[in-house]
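Structures are listed in the sections that come next.
Two complexes follow with chain A in common, the first pairing it with chain B and the second with chain C.
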Partner chain A sequence: MAESGASHGIARTSRVRSEEQRQKDLERIQKYRTLEDQVRQRAADKQFDSETFQLTSKLLRLNPEYYTAWNVRRRCLISGLFSKLLPGSSCSKESSSTSPRDTTTACSEESSSASSIPTPGRPDCQTTGKSGTTADDDLELIKTELHFTIPLLLESPKCYWIWSYRLWVLNQAIERLERPVARRIWEEELGLAEKMLSKDHRNFHAWGYRRHVVAQLESDALGGGSMVEAEFAYTERMFRRDLSNFSAWHNRSRLIPRLLDERGATDAQRKAFLDKELNMIREALNVGPGDQSLWYYHQFLVLNLVTTAGKPTITPAFTLEERISYLTREIEEIKVLLEDYDEDVQLIYEALVDYTLYFSRLEERKPTEEEREDLVSWVAKLKELDPMRNGRWVDLERDQGLVELLPGH
Partner chain B sequence: MESLSDTFWDVVISGTGLQQSLLALALSRSNKKILHIDKNDYYGHHEAALSLQEAESWVAAVQAHAKPGYSHASVTKPEGTTGLSFPRAYSLALAPQFIHARSALLQQLVSSGAYRQVEFVAVGSFFIFKPPQDASQKPTLARIPSTREDVFATTDIPAKAKRGLMKFLKFVLDYENSPQTELWQPDANIPLTEFLSKQFKMDNQLQTYITTLSLSLDGKITTKDGLTVIHRHLTSMGMYGPGFAAIYPKWGGLSEIAQVSCRAGAVGGAVYMLGNGVKTVDDYTSPIELRLHSGDIIKTRAFVEESDSIGVIGRPETTRLVAIIGSDLKALFETTIEGAPVPAVAIVAFPAGSISTADGKASEYPVYLSVHSSDTGECPKGQCVCYLTTLTPQESGPQDHLLTQALDSFLLSVSDDQVPQCLYKLSYTRSGGSDGDGERLFTIHFSLKPVTLSFDDSALENVRKAWKIVMCDEIMRDEAVDKDYMKFTDRQNAAEDDET
Partner chain C sequence: MTTESFKQLPEELKLATSAHVKYIQSLDTRKDEYDYWLTEHLRLNGLYWGLTALHLLGHPDALPRSETIDFVLSCQHENGGFGAAPGHDAHMLSTVSAVQILATVDAFDELESRGKGNGKVQVGNYIASLQNRQTGTFAGDEWGEEDTRFLYGAFNALSLLGLLHLVDVDKAVEHIAACANFDGGYGVSPGAESHSGQIFTCVAALTIAGRQDLIDKERLGRWLSERQVDAGGLNGRPEKKEDVCYSWWVLSSLEMIGKTHWIDREKLIAFILSSQDTEKGGISDRPGDMVDVWHTVFGVAGLSLLDYPGLEPVDEVYCMPKSTTARILGR
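Entry: the complex of A and B
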C-alpha cells in the first residue's frame, strides 16, 4: 500500500527491512509500474473503455494521489460508461424513467472493480450511451463511484484529488439525473459532511465542504430553497458541544447578514438579535476568557457597531449614541471578568485596548486623557503577560502617543 | 473422573462476588487447579443481580438471618398498580455501581480481553433535587454542570458563581501538581465543603454541586478524597465518547463482570460449583483442609474466603430501596450535546435536609438515586428501575420511609399531568462493610466493601495481592510474570471486533 502523503499526525517510521521484505517490496513496485504503464499506454492510445476503467480502479487504490489516473477515469466515464447527453438535455429524461431497468451485473456494492457493464441498447430510449446505458444506470454508476472514494478518503482524508473527484461525480449527478434524484444524492452528501464534522468538529476543510454542499442544495439546479436557518441552528449545536470551535463561530458570523435579510428583520428585531448574540457570547466568555475563538466572535459583533460604510451590518439603523452606549457597556462587562480571572487574562486586556480605541474611530477623534491612562496601564499588563511580543506593545504605545505617559517620561 | 477430594487444588475460591471472580479471571491462563464455589445457587454474591423471583427468595433468606451483613429486607407491591411484567424480565442489581471511564477496572477488562463479553451503556446527567419553594409548586431537578459547555449552558448559576466554578474545575484538573498541591494539601483532611468555602468562596449551592460530584454518602468527604473522585470524574469525561464520564454494565451492573470473569475462569479450566459452600476451615496445617457443605473434604494450597463479615462497629449501615417504575422517564435520559450516545443511567442527589421523614425530621445524610432505563436490560421497555441509597443514622434505624419519601418527591418532580407509578419495591439494609483484607499465610480474605455509588478501584489491589500469593512460585522463578497481570493475548477463536 502506498504511503499517503496527506495524513496529519501519523509519523512515518523508517523500517528496517529483511531481505524477504525487500523482495516483496520489489515485487510490489514491479506490479505497480506495470499497472501504471498499462494505464498510460491505453490513455495515450485513447482507449477509454471499461477495461481501462478497471485498471484505474486498481491503480488509484494503490495511489490515490495520482491525479492523472483520476482524469483517465473521468474520461472513461464520459466516453462511454455514462449515457450520452444530448445537447441541452440535462435534467430532462422523462422517457428513461419509464423504460424497464435491464439487469446488469455492474451494480456491485463492492468498490473494487466497480464498473457498469453496458447493457444492450434499446433503440426507443431517448438517451443511450455508446452501448446503450440509461439514466438509471447513470445513477448506479454515480453511486458506485461515490462509494469507491470512501475507503480512499478514510485512509487519506485530506487528499485533494479524491475530494475533487467526488465533487466531480456529484456534479455529474446534477447534469445527468432528474432533479429530485440528484437532490437526494446531495442531501446524502450533507450527511457525510456532518459525519466528518462530528468526528472532527474543528476540521475547517469539512466546514468548507459543508458550505459548498449547502450552496448546491440551495441552488436552482437542485431546486432548493434557503437553508440559512438550519445552518445557523447547526452552528449553535456545534459550539454547544465545544465552545472552542473557530469554524462554528466563523460560519455563524457569515450566515448572519443573509439570515436577517431573509427574515425581513425590522430595526427592532435586528436590535433584539444583536442583544441576544451579545448576551450569549458574553456568557461564553464568562466561562472561557482564554479562548480566542470566542473573542473573535465577540469582536465580530462589536465591529458591527463600529464599521458603518459599505459592509452589511446587523444594526445599520443604530444612531451614534446607541453605538457608543453599546460599546461602553461591552467594555464594562469585560472589566467585570478581571474581578475573578487572574490568569488567562491576556486576551481580556487586548480586547479592552482594541475596544477603547474604537471610540476614537466612532467619534473620529483621538483618545481622551482618561482613555489614554487606561490604555497605558493595560498595555503595561500586556507587556508583562506577553513579553515575547514586546515589540508589538511598544509599537502600540508609540502609535497611540502613550509614550509620554509612561513613568520616567 | 477424579472426585473433588482426590485433587490437590492450588486454590479454592469461596464466593463468586466481584473480587473473587476477578481473581478467577486473573488466574484463567495460569494452569492452576482452581475450584470456585458459591454457597448460593446464583453467581455474584454481594454483587448479584436478581430476577423478581430470586429477589423474593433472597429477602426470605435475609429475614431468616441467613445472609450476614443484610437485614430488614422486604418486598412490597403497591396495591392497584398494573404493568409488572414476568419475573425474569427484571434484573435487580445488588451492586448498581457505575464505573468511571478512567477506572483501572476497565483497563484490566480490556487487557484481559474480558471486555468483549460485557455490554456497556453510558451514564448521563447528574441532577440535584430542589424542594418546592412553596406548597403549591412541584419540586424540580437541576442538572449539575461538569464541563465548561455545561456551565455555559446552565441558567441556574449566576455569572460570578460560574467564574468561581470554572476556576475550581481548572484547579481540580491539575490538582496533583504544584502550585495546586500547596493550596489543598494543608487542608487534606478537613471536609471538602469547608475547603470550597474557604479557598474558592463557594456558596451553598455550588458546594452542594461539588459534593454531589464527589458522590459522598455522608456529605462530609475530606478534601483529599473528594478531589480524587472529582478529578477522576472530570478526566473521565469524554474518554469513550462525547458527553459522558462513566459507564455501566448492562444486565445487572457488576454482576455481569463477575459472571464474565467466572466464564473466563471456566474456559481456563477452573471447576465451578454453585450451591456448595465451605463449612469448616483448617488452615493451621499445610495443605489447608476444607470441609464443604456437600460433605467433601478438600485439600488446597491456598484458600480465598467469601466476604461475609458483619460490619465494623461505628461504620454506618446503608439503607437501599429498589423501585420499579411504570414509566420510561425519558426526560432524564436526554443527550445535551451533539454526537453523544443516549445515556441509560441518571443520578439524582437529594442534599442533606432537602427531604423530611414522616415525622418531619429533615434528612441527616444525602440520598442518592440512580435511575436506570430499560436500556440497561434490567427491566422491560417503558419502565425504569430506581436505586435509592442513604446512610442509616445509628439512632434512627432503617431509612425505608425516608427513601420512599425521596422516591415520591422525585416522581412528582418528573411528572407532567400524571405521576409515574411505582410497581414494585425491594428494600433492605446493608452493613457498612468490614475491614481487614488480609492473608494468614495462604488464607486470603476479601472484606465486604462499603456501599459506594461508583466503583472504587482500591478493591483491585486486593485481588492483585491474592493473585501474587497463588502465583508465588511462578513469580519467584520469574519476576516478569508479575508484569503480565491481567494481560492476556486472544485465544485462537476470539476474533471479534474491538468495539465496546
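Entry: the complex of A and C
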C-alpha cells in the first residue's frame, strides 16, 4: 500500500556495476548511514534541538521518504523551536488557559532571541516549553519549513510524507499564529497546488491538497467564506487545457451541488445550468468521442436525470416528463454523433445502450420492440469492437433478455 | 486458457518462478547498494511483499522462518505498533505488514509470548488508537494523516487478530460510504477522485465489515473493467497508463464483486508475464522497466487470481495466501 519506493517508468538496465561504481556506492552508503545514525541516536536521546533539526534537513534532502526523520523534525519544532507549547499537548499545563492564537503568552514574554535561526529547545516539559522565541519567530520558522519542502515536492511530487508534513506545518500556523497571518500563509498554498497541477495535471496528491487547502480557507479557523465559484471556474480552466483531464471533471461534479445551493439557484436557473453543461460536454464529445473522461462526465449529468434513489442534485424539481424529454434528446444527439463518425467508436455504442435502458426504466417499462432491435445491434457492435470486455456484454445480453433475439439462439 | 496451452507459450510468456524466487531471496543481501538503504522505511512492507510472493509461487520456506519472526518483532514499539525497521517510528502501514507476515508464517503465538505488553491486544490497541472517532476513518500514525488506505489496513490487521471489536466499525463504514463517487468508485477521502488503489481498500474494508450491500456493483464493475487498455494491462484511473500493480488493485476489486470475467484474462496474463525479467527475476510496472518487489508481488498475486497454473490461490481481500486466511478466519 505504500507505493513510493516502487520503480515506475524507469528503464531496465544491466545491474552489473564496475568496481569503481561499487566503491562510489559504498562511500555514499557510508555517508548516508553516518547521518542516519546521528539523527536516530539524537532522537533516541530525546535531543530535539536545532542541531538535530539541521541533521534532519540533510537527511531528508537525501531521502524525503524517511518518515521517521520527518517525525523527528516535528518533535524538534514542538519541543522547543516553536515559541510555546500548545494547550492540549501532554505537558502544557501552564499555557492551557491561553488561546492558541494568542501571541502574547507567558511563554513569549521572556523571549530575548530575535534570531531567525532556531535556538536550541528544551524538550523537558517541566520548563513549560519556553525557549526564548516569539510568535514572529514562529512565523519565520513556518515559512522556512514551507520553503524547505518545495524543492523536495518538485523532485518527488508523489511522496505522501512530504505532503503530509507540509499540511502539518500549515496546521501549526493555524494553532500558533494570528488568524489573518495564518490565512495569508494558507492562501499561498493555492499557488503551490496550481504549480504542481500544471506540471502533472492528474497528480491526485495535488488535487487532494487543493481541496484540503480550499476547505481550510473556507473554514471558521481561517475566517473565510465560500470559494466554490472560484474552484468551479478553476476546473474549467483545467479541462480547457486538456479535455481528457478527468480529475478536473471529477472535481467539477463534486462542486456543482454546492455551487447551485449557494447561488440560491431557482428551478429555471438550474435548468439553464444543466443545459449549459450538457451543451458543453456534447461539444467536447464531438471532438473526442473516444475519450472516457468526457463520457464519465456526461454520465454524471445524465444520472441527474435518471436517478431514482434520492433527489437529483442539479434539477430536483424536474418532472418525469422533463427528465424523459432531456434523456431522449441526449439519445438523439448521440445517434447523430454515431452517424457523424465514419469509424466505429465503442463508447458511443456504450452510451446508447446505457441511456436507452435508462429510458425504459424511467418509464417503468420494458424496452419497446424497436429499442430491443437497436440494443441487440449495438451490443453486437460492442462485442465486435471490444472483445476484451466480452464477458460484460454477454452479461448485459442475458440480464436484458437480448439473447433470444440473436440468430442461432 | 488451459494448462495445456500455457505449455506452448514462448519462454518470455511463462512465469519465471525460480528466477523470481532467487530475486526475492537476494533482496536482503544487497547491502552494498545505495537503494537498499534508501528504502529502509519500507523494510517490513517489503518483507510482506516478498514473503507473500514466495508463498504464492509455492516456495513458502525460501525465507528463513525464525529470522523472519525475529526481525518483525525487533520492529515493535512499546505502544504495540511496528516501525518499518528497528529505529523507525511506529506506523499503521508497517504494523499491518507485521501482522500479515506473522499470520502467514503462523506465528501469532510468538507475538503473544514475545511481543510487547499484551501481545496481540497491544497491537490491536495501537491500531484502534488511530481511529478518528468522529469521522470513523484512520490515521497512519500519531501525526494525523488520514487516508482510506489506513482504514483498510486497520480492518485487515484487526480482523486477522480477531480484534475488530476494538474499533467503531459502523462509523468506519459510514466514512467509506462518504468516499463513494458517482462513477461507483472511491477516493482517498470524501470528495476525492476514484482511484483503483483506494477502490481496493474501500471494497475490501466493506467486505471485511460484511457491508458489500453498500457497493454499487454494476457501476463499479463497469468502471473497473474499463481500466483494461489495449495492451492488456490495467490502469488506475481513466486515461492513464497501464501498470502491473493495478493487476492487483483492479482485479481483486473485480473479484470481490464477482465481475472478474468482465475483463480479458488472457491479455492481462500476457501483459504481466511480459513485464517479467525472466533472467534475473522480478516484475516491473511495464515491459522493459526496472523490477521491484512491489510489482513482483502484485503481478504474481494477479496471476494467481487469474488461475495461472502452478500458483497458490491468493485471498482477494487480504492479499495473502488463501491457505493462511482459511486457517485464521475460516474464509
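Definition applied: the second predicted complex is superposed on the first by the 340 of 409 C-alpha atoms of A that agree within 3 Å, B and C clash if a C-alpha of one lies under 4 Å from a C-alpha of the other, contacts with A are read in each partner's own complex, and residues count from 1 in each chain.
Convention: contacts are C-beta pairs under 8 Å (C-beta built on N, C-alpha and C of every residue); 3 or more make two chains touch, one makes a residue touch a chain.
Every value quoted in this text rests on a predicted model; they were computed, and no experiment measured them.
Steric overlap between chain B and chain C is absent once the structures are superposed on chain A; the two fit side by side. Once the two complexes are laid over each other on the shared chain, residue contacts for A:275 go to neither chain B nor chain C. For chain A, the partner that touches more of its residues is C, with chain B and chain C as the two candidates. When the shared chain is aligned, no partner comes close enough to touch A:187: not chain B, not chain C.
Shared-chain residue A:340: touches chain B; no touch with chain C. Contacts of A:237 after superposition: chain B is touched, whereas chain C is not reached. Using the contact criterion defined above for the overlaid structures, shared-chain residue A:164 touches chain C, although it does not reach chain B.
Once chain A of one complex is fitted onto chain A of the other, the partner contacts of A:261 are absent, as it touches neither chain B nor chain C. Of the two partner chains, neither chain B nor chain C is touched by A:373.
No C-alpha atom of chain B lies closer than 17 Å to any C-alpha atom of chain C in the overlay. Of all residues in chain C, only 32-34, 37-39, 41-42, 45-46, 83-84, 87-89, 91, 93, 96, 140-141, 143-145, 149, 152-153, 181-183, 187-189, 191-195, 197, 201, 221-222, 225-226, 228, 230, 232, 237-240, 243, 245, 259, 261-264, 267, 277, 280, 284-286, 288-292, 294-295 touch chain A in the complex they form. Every residue of chain B that touches chain A in the complex is listed here, in rising order: 148-149, 151-153, 159-160, 162-164, 166-167, 242, 336-339. By the touch rule above, chain A contacts chain B in their complex via residues 198, 201, 237-238, 240-243, 283-284, 286-288, 336-337, 339-341. Taken in their complex, chain A has these residues touching chain C: 1-3, 5-13, 15, 22, 25-26, 28-29, 32-33, 36, 40, 44, 62-63, 65-68, 71, 74, 160, 164, 167-168, 202, 204, 207-208, 211, 244, 246-247, 250-251, 253-254, 291-293, 296, 299-300, 303, 387-392, 395.
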